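Each in C-alpha cells, the structures are laid out below.
The following pair of complexes shares a single chain, chain A, combined with chain B in the former and chain C in the latter.
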Partner chain A sequence: MSPTPDSNTNFSSAPLLEVCGLQLDFLKDGQALRAVDDVSFELKAGESICLVGESGCGKSVTALSVARLVPSPPARYVGGQIRVNGKNVFEMSPKELQQIRGGVVSYIFQEPGASLNPVFRVGDQILESLKLHRPASATREEVVQLLKLVGIPAPEARIHDYPHQLSGGMQQRIMIAMALASHPRLLIADEPTTALDVTIQAQIIELLKDLRQRIGMSLLLITHNFGIVGDLADRVVVMYAGQIVELAASATLLARPLHPYTRALMNSVPKLGGESDRLTAIPGNVPNLGSFPKGCRFHPRCPKARAECSESVPELREVEPGHWVRCPFWMS
Partner chain B sequence: MTETQPNTPERQPSAPRGPWRLFWERLRRKKLAMAGAWILLALYSVSLLAGFVAPYKYDRIDKERSFHPPTRLTLQGGLPAVYRYEKFGEPASYAIAEGPKVRLRFWVQGESYTLLGFLPCSTHLFGASDSQTPLFLLGADQFGRDIFSRLLYGSQISLSIGLIGITLSLSLGMLIGGFAGYVGGSSDFVLMRLCELIMSIPGLYLIMALRSVFPASISSTTMYLVIVAILSFIRWASSARVIRGMTLSLRERQFVLAARALGQSRLQIVLKHILPSTFSYVIVAATLSVPYYILGEVVMSYLNVGIQEPEASWGLMLNAAQNHQYVQDYPWLLAPGGAIFLTVLAFNFLGDGLRDAADAKSS
Partner chain C sequence: MWTFIARRLLYLIPLLIGVSLLTFLLMSLTPGDYFSELEQNPQISPATLAQLRAKAHLDKPWYVRYGYWLANAARLDFGYSIANKRPASELIFERLWNTCLLSMAAIVLAWGVAIPLGIWAAVKKDGWADRSCSLIAFVGLSIPEVLLALLALMFAASTGWFPIGGTQSSDYFLMTQGQVLIDRLHHLILPTAVLAASELAGIMRQMRSNLLDTLRAEFVTTARAKGLREGSVIYRHALRNAINPLLTMFGYSLASLLSGAFIVENVMAWPGLGRLTMESLTKKDPEIVVASVVMATALLVVGNLIADLLLAWSDPRIRVK
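After this line comes the complex of A and B, so read on.
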C-alpha cells in the first residue's frame, strides 16, 4: 500500500528510490525510541519530492537512511526496506554502499560551513569527490567547470580558497558542486537554505531548480519552509512525529491541504502582499521521542481534535487519487 | 627570523592564508620557541656532520692521556691556537707546558670517516697543526678518548632516537586511537583497555622487562632499533588515548558525515578527515615528548641495557661519570649532561611555542 504518484505524470518508469514501511528506533538508556514509524514513499527518476515538517519529525533521519548514514548504534532499523535502483540498501555490502553514497545519491546539508573540511582547500575537496566516483575526469579543469555550473564567480581563483574564506552562500554552492561532481541520480538536500540569509536562500533555491532542469536528476528536499515547496517539488510528504501525515502532489497540497497539521504549518508561513494578519503559531511542541501521545500523535495540538482522536491511531488513507491523509476527519 | 619578505606589489591583499601559514606566523612571534628551533637546527646539523666537525673518531683511544683536561684555546698572532700540556705522576695530572703554542688549522686532513654514512672523507673542520698535540675541547675520558668527538658521534644516536621514536609511537597512536574512536564498540573497548594496561606498568620496569626479551649482547645497530622499539611501545598508548578522545568529538562533525555521504571508506575518513584535524595536537605532543626518548635512551644506556661501548651515546657517556670521585676530579665528564640539558630545554621551548601557536584563541 505504498503511496504512488499520480498515474498520469510522465516520469520514466521504475522508481529510483523506494522507501517501504521504514521503521527506525534510537536506543537510549536501554530503551528503544521509535523515530521513524512506517514511512513509505517512492521517488521516480527525475522527480522531486519535499519532506516537510517541524524539527524532530524524523525528516532528516529518513533522508539519511537512504544511504544508511544514520550511525547504528544508537539507531536500529526495525523494519521496512529502502531500495535504491531496486536494490535494498540494508542488504548492501560496505563496498556497494560506498558506491551508492555519492555515486547514486548525493547529499548536501544544512550548514555548509560545517560540512566542508576546514583544513583543505575547496578545490581539493571537490577533486576528492571526483576521484571517488569519476576518476577519469578528476582534473582541475573539471573542478573549475563544476564551480562555473553552480555559479561561483572567478572559479580559477576560488579553488585555492579555504572554506572559511567564503561566504555561507558560496560554501553551499561548493557543497552542491561537490555533490554534483559524481553525476548522482538523486540529490538529497537536508534544509540546504536554513543557515543562509533570505536573499541567498532564494539564490540557492533558484540554483537547485535550474540544475534539476539542466541535469535531470531527482531531488529529495527537506525543509520546514512551505515557501520553497511550490517552487521545487512535484510531490510533498508531510511528516509529524515520525509518521507521514499527508502526501500529495505539491499543487494539490498547496491548494487544498487536508490534514490539520499541514494546514497549521501553512498558516504559520507569512504571506507577501496579502492582508497582514497575525501569524498563527501551532501551540505546543513536537512531542519528544518515546513520549508520543496515544491515538493520533497530533491531537494535543490539533485545533479540530475530537474525543476519538486520543483513542485510535488513524491510518494513512488515500482519500483522492494520489492524495494520502492520516486523519479520519479530513473532510471537515 | 631574519628574512622579512618585502611586500611585492603583485601580492594580493587577500592571498589565501592556510592554517599552516597562520600557524607559522603565530609561531614566528614567539622568541623562546624560535630560539629553541634554531638551537635544535644547529644541533641536528652538527649531528649530521659529526664526522666532519669532530677532530677524532669516537673510538680513538690515547692511553697516554687518560682524563686529559679540556685543552685551553688561545690566540697566537691573532690566530687561534692551543696550549700544549705536560703530564706528571701516577695517577696522571696535567699542566700547561712552557714553550710555543700549537696553531689550530681549519680543513685539516685527519682520520678517515664516512660523511652522512656514505661519503668516504678525511677532511676535518679543524685540528691541531701538529698531530702529536692532542686537541681535547671538552677533555678526555678514562681511555683518553676525546669527549667532544664522542659527544658529536653520540648525538647521532641520542638526537635521532627521539625523532624515530616519535614517528613510530605517534603513527601507531594515531592509527589505533583514530580507529578505536571512529569505529567504537568492542574494538574501542579492547584497544583502550590495552592502552591502560601498558600505561599502568611503571616505565622503568617495562623497559627492563622488554629488554630481557632480547639477547643480552647484540650488535649496536640492532640495539639502537631495540631501544627505539621499546621506548615507542611504552609511549604509543598515551597518545592513542588522546587521539581517540579527539576522534570521538571529530566524528560527530558534519564534514565527517559529508565525507561518508560522499562514499568514502572508513579508512579514508580516518586518514583524510579525522587525523589531519588532530595535527595541531600531534605536532605539539611530538615536540614535547622528544625529550622523553632522549632521556629514555640515557636511562637505558646508563643502566647498561642500551648502547654498548665503544659506541658513543650521551647516556653511555654519562655512565662513565657515575663515580663521584671522577666527577669531582674530572668535571668535564659531565659534558653530555649539558648537551642533554640544552637539547631538552630547546625542545620544551619549541613545544610550548608550538602549543601556543596551535591554539588560535590564545593570541
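After this line comes the complex of A and C, so read on.
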C-alpha cells in the first residue's frame, strides 16, 4: 500500500522523493518509542506536498529523515526506505549524503533566529553553501543576487550583518537564500512561518509560492495551518500520531475532507469573512510517544468514534482515486 | 570600545580604595604590631620601642596611617617594608613577576590540555575516551590543592627528578644564560602542574558540556543540512559557539589561579606574591599586605577585562557599539 498520485495529477517524471513504509523509533530509557509508523508517500519533480498535523505527529521527523538529519541515537530506523532520485538514503556513504544535502534537498526551519549560526556574517553563511555545491559561482555578487531573489532590501549592506541584527522575517529570507544557493531540486520547509508574526507569515508564503513558480523546484512544506495548504500544495498528507490518516490532492481534500481528524483540523482554522461561528478546538491532546491508544489512534478524541474503533488499527485505504483515508467510517 | 576599556579601568580606582581600606582596617583590628615581638627583649627599652613605632607611624590611629598610605599610593609609592627593610613596591614587583610566571604557565598548561581533551570527550561522547576524561576530571576536582602540592613535594624528594622549592638553584650565578633558563623551567614544572591540575579538570568538563549543548543547537542541523563535512560542522560551526562561555570562565580562572597560587606558593616554597603576603601577615608588615592585596585585585580586574574583550571579539552579539 503505497499511495501514489494517480493519472489526474499530471506529473510524468520519475519520483524525486519516495518514502516507503518508513518506521522510526526513539530510544528512551531503554524503551523504543515509535515516532513514525509506516509512512509512505512520494513526491515528483516540480510537485508540492504539504505535511499537516498537530505538533508531535511525526511530521518534522519524517521530513528531517529525508536527508538523514535525525541524530541516531536516540532515533533508530526500524524499517522502510527513503529514496532520493531513486537511491536509498539509508545506504548512502557519508560523502553521498553530503552531496544530497543541499545539492538535491535543502531545508528551512521553524526558528530562523536559532537556525542561523550567530557568530558568522549572513553573507558568509550563504557563501559557504555556494562553495560546497556551486564553487564556480561562490562570489560576493552571487550572494547579493540570491538576497535580491528573496526580496531583501539593500543586499550589499546586509551581507555584512550578523543574524541578530536582522528581523525574524529577514532571517527567514536569509535561510531561504541559503537553501536556494545550492540549486536544490527539493526544498523542505519545516513550519517556516510559525515563529513569525502574521503579516510576515503571508510575505514568506508569497515568496515561497513565487520562487516555486520561478525556479520550478519541488516543495515539501510542513505546517499545522490549513490556511496555507490551498495556496502552496498540490497534494496534502495529514499525519496523526506517527501515521498518515489522509492523503489527497489539495483541492479534493480541502473540498471534501474524509477523515474526522482532517475535518476537525480544518474546523479549527479561523476563516476570514466567514460566518462568525465559534472556533472549534479538538478536545484533548496528541497522545505522547509510547502511549498511543489501542485501535484507531484518534478514537479517544474523535466525535464519531464507535466501539469498534478501539479494537484494531484501521488501514489506510484508497476510497476514491488518489484519495486515501485511514477510517472505515469515512462515508458517515 | 576604548571608552569601554577606559570606563572599566576607572571603576578600578574606587574598588582598589575600598579593598585597601578594608585590608588596613582588618590588619589594625588584630592585636599587636611588628614591634610587639621586641617587647619581650629586655635589652630594648620601652622608650626605644616608642621611638621605632613613631618612626613607622605606628603610634597613630589606623585611619591616619591609611591617609598617609593613600597619599603615597597615589604617587605609586607603596611605602617601606619595615620587616624587609626595602621599599614595598620593589619587593612586590619582584614577587609579582614570579606569581605571574607561575599563573601564566598554569593557564597555558591547563587550557592547552583541557580544551582539546574536552572537545575529544564531547565528540566521542560515552566512549572510552569520554569515560577516562571524566575519571581524570573527577580525580582532579576531588584532590585538594594542598594535598596535591604535598604529594608533588614527596614525589620530587623521593625521585630527585625535580628541585624542591624556589625558582632557581643556589648556584645559578655560575651558569650560562641557557643553563639559567633551563634551571628556571625545571623549577617551574612541578608548581605549574599542581596549580593547573584542578583548573584543568574544570575547564575540560565545561568544554565538553558546552560543545555537547551546542551540537544540539538548530544551527548545527542547518550546517549539516547544507552538506558540510562532520568535521566542519563540529570544528567550525559548533566549536566557535561553544568556546564563548569559556572565555567568560577565563576571567574567573585567573582569579582561582591567583588564590590557588597562594596555596601552592606557600606549600612548595615558590617566592611569589601569595607567599610574601602570608609572610607579611604573620610578621605584621602592613605595607606589604595592603600593597599585595591591591596588586592581586588589580590583576583580577584586568584579567576579567581581558576575558570580556576576548568575548566581545569572539561573539558579535555582545559587541559594544
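Throughout what follows, the second predicted complex is superposed on the first by the 331 of 332 C-alpha atoms of A that agree within 3 Å, B and C clash if a C-alpha of one lies under 4 Å from a C-alpha of the other, contacts with A are read in each partner's own complex, and residues count from 1 in each chain.
By our rule, a residue touches a chain if its C-beta (ideal position, glycine included) is under 8 Å from a C-beta of that chain, and two chains touch if they have at least 3 such contacts.
Being a predicted model, the structure only gives us computed values, none of them experimental.
Novice: After aligning the two structures on chain A, examine chain B and chain C and state clash or fit.
Specialist: clash
Novice: Under the stated touch criterion, which partner chain does A:Phe226 make contact with: chain B (first), chain C (second), both, or neither?
Specialist: It touches nothing on chain B or chain C.
Novice: Touching A:Phe109, do we find chain B (first), chain C (second), both, or neither?
Specialist: both
Novice: Should A:Phe41 be classified as contacting the first partner (chain B), the second (chain C), both, or neither?
Specialist: neither
Novice: Determine, under the contact definition given at the top, whether A:His160 touches first (chain B), second (chain C), both, or neither.
Specialist: first
Novice: Tell me the contact category for A:Phe26 with respect to chain B and chain C: first, second, both or neither.
Specialist: neither
Novice: Report for A:Pro118: first if it touches chain B alone, second if chain C alone, otherwise both or neither.
Specialist: In the superposition, A:Pro118 touches chain B and chain C alike.
Novice: Applying the document's definition of touch, where does A:Phe292 land relative to chain B and chain C: first, second, both, or neither?
Specialist: neither
Novice: Thinking only about the overlay and not a real complex, which stretch of chain B clashes with chain C: 8-16, 26-34, 44-52 or 116-124?
Specialist: It is 26-34; the other listed stretches have no clashes.
Novice: Where on chain A do the contacts from chain B and from chain C line up?
Specialist: The overlap between the chain B and chain C interfaces on chain A comprises residues 67, 69, 94, 98-103, 106-107, 109, 111, 114-120, 128-129, 132-133, 162, 175, 178, 182.
Novice: Can you check the complex and tell me which residues of chain A touch chain C?
Specialist: Per the touch definition, chain A meets chain C at residues 64, 67, 69, 94, 98-103, 106-107, 109, 111, 114-120, 128-129, 132-133, 162, 164, 175, 178, 182.
Novice: Applying the document's contact rule, which stretches of chain B touch chain A when the two form their complex?
Specialist: 14, 16, 18-19, 185, 253-255, 257-265, 272-273, 276-277, 279
Novice: In their complex, what parts of chain A are in touch with chain B?
Specialist: Those in contact with chain B are residues 67, 69, 73, 94, 97-103, 106-107, 109, 111, 114-121, 128-129, 132-133, 160-162, 165, 175, 178, 182.
Novice: Contact residues on chain C for chain A in the complex?
Specialist: 217-219, 221-230, 237, 240-241, 244, 314-317
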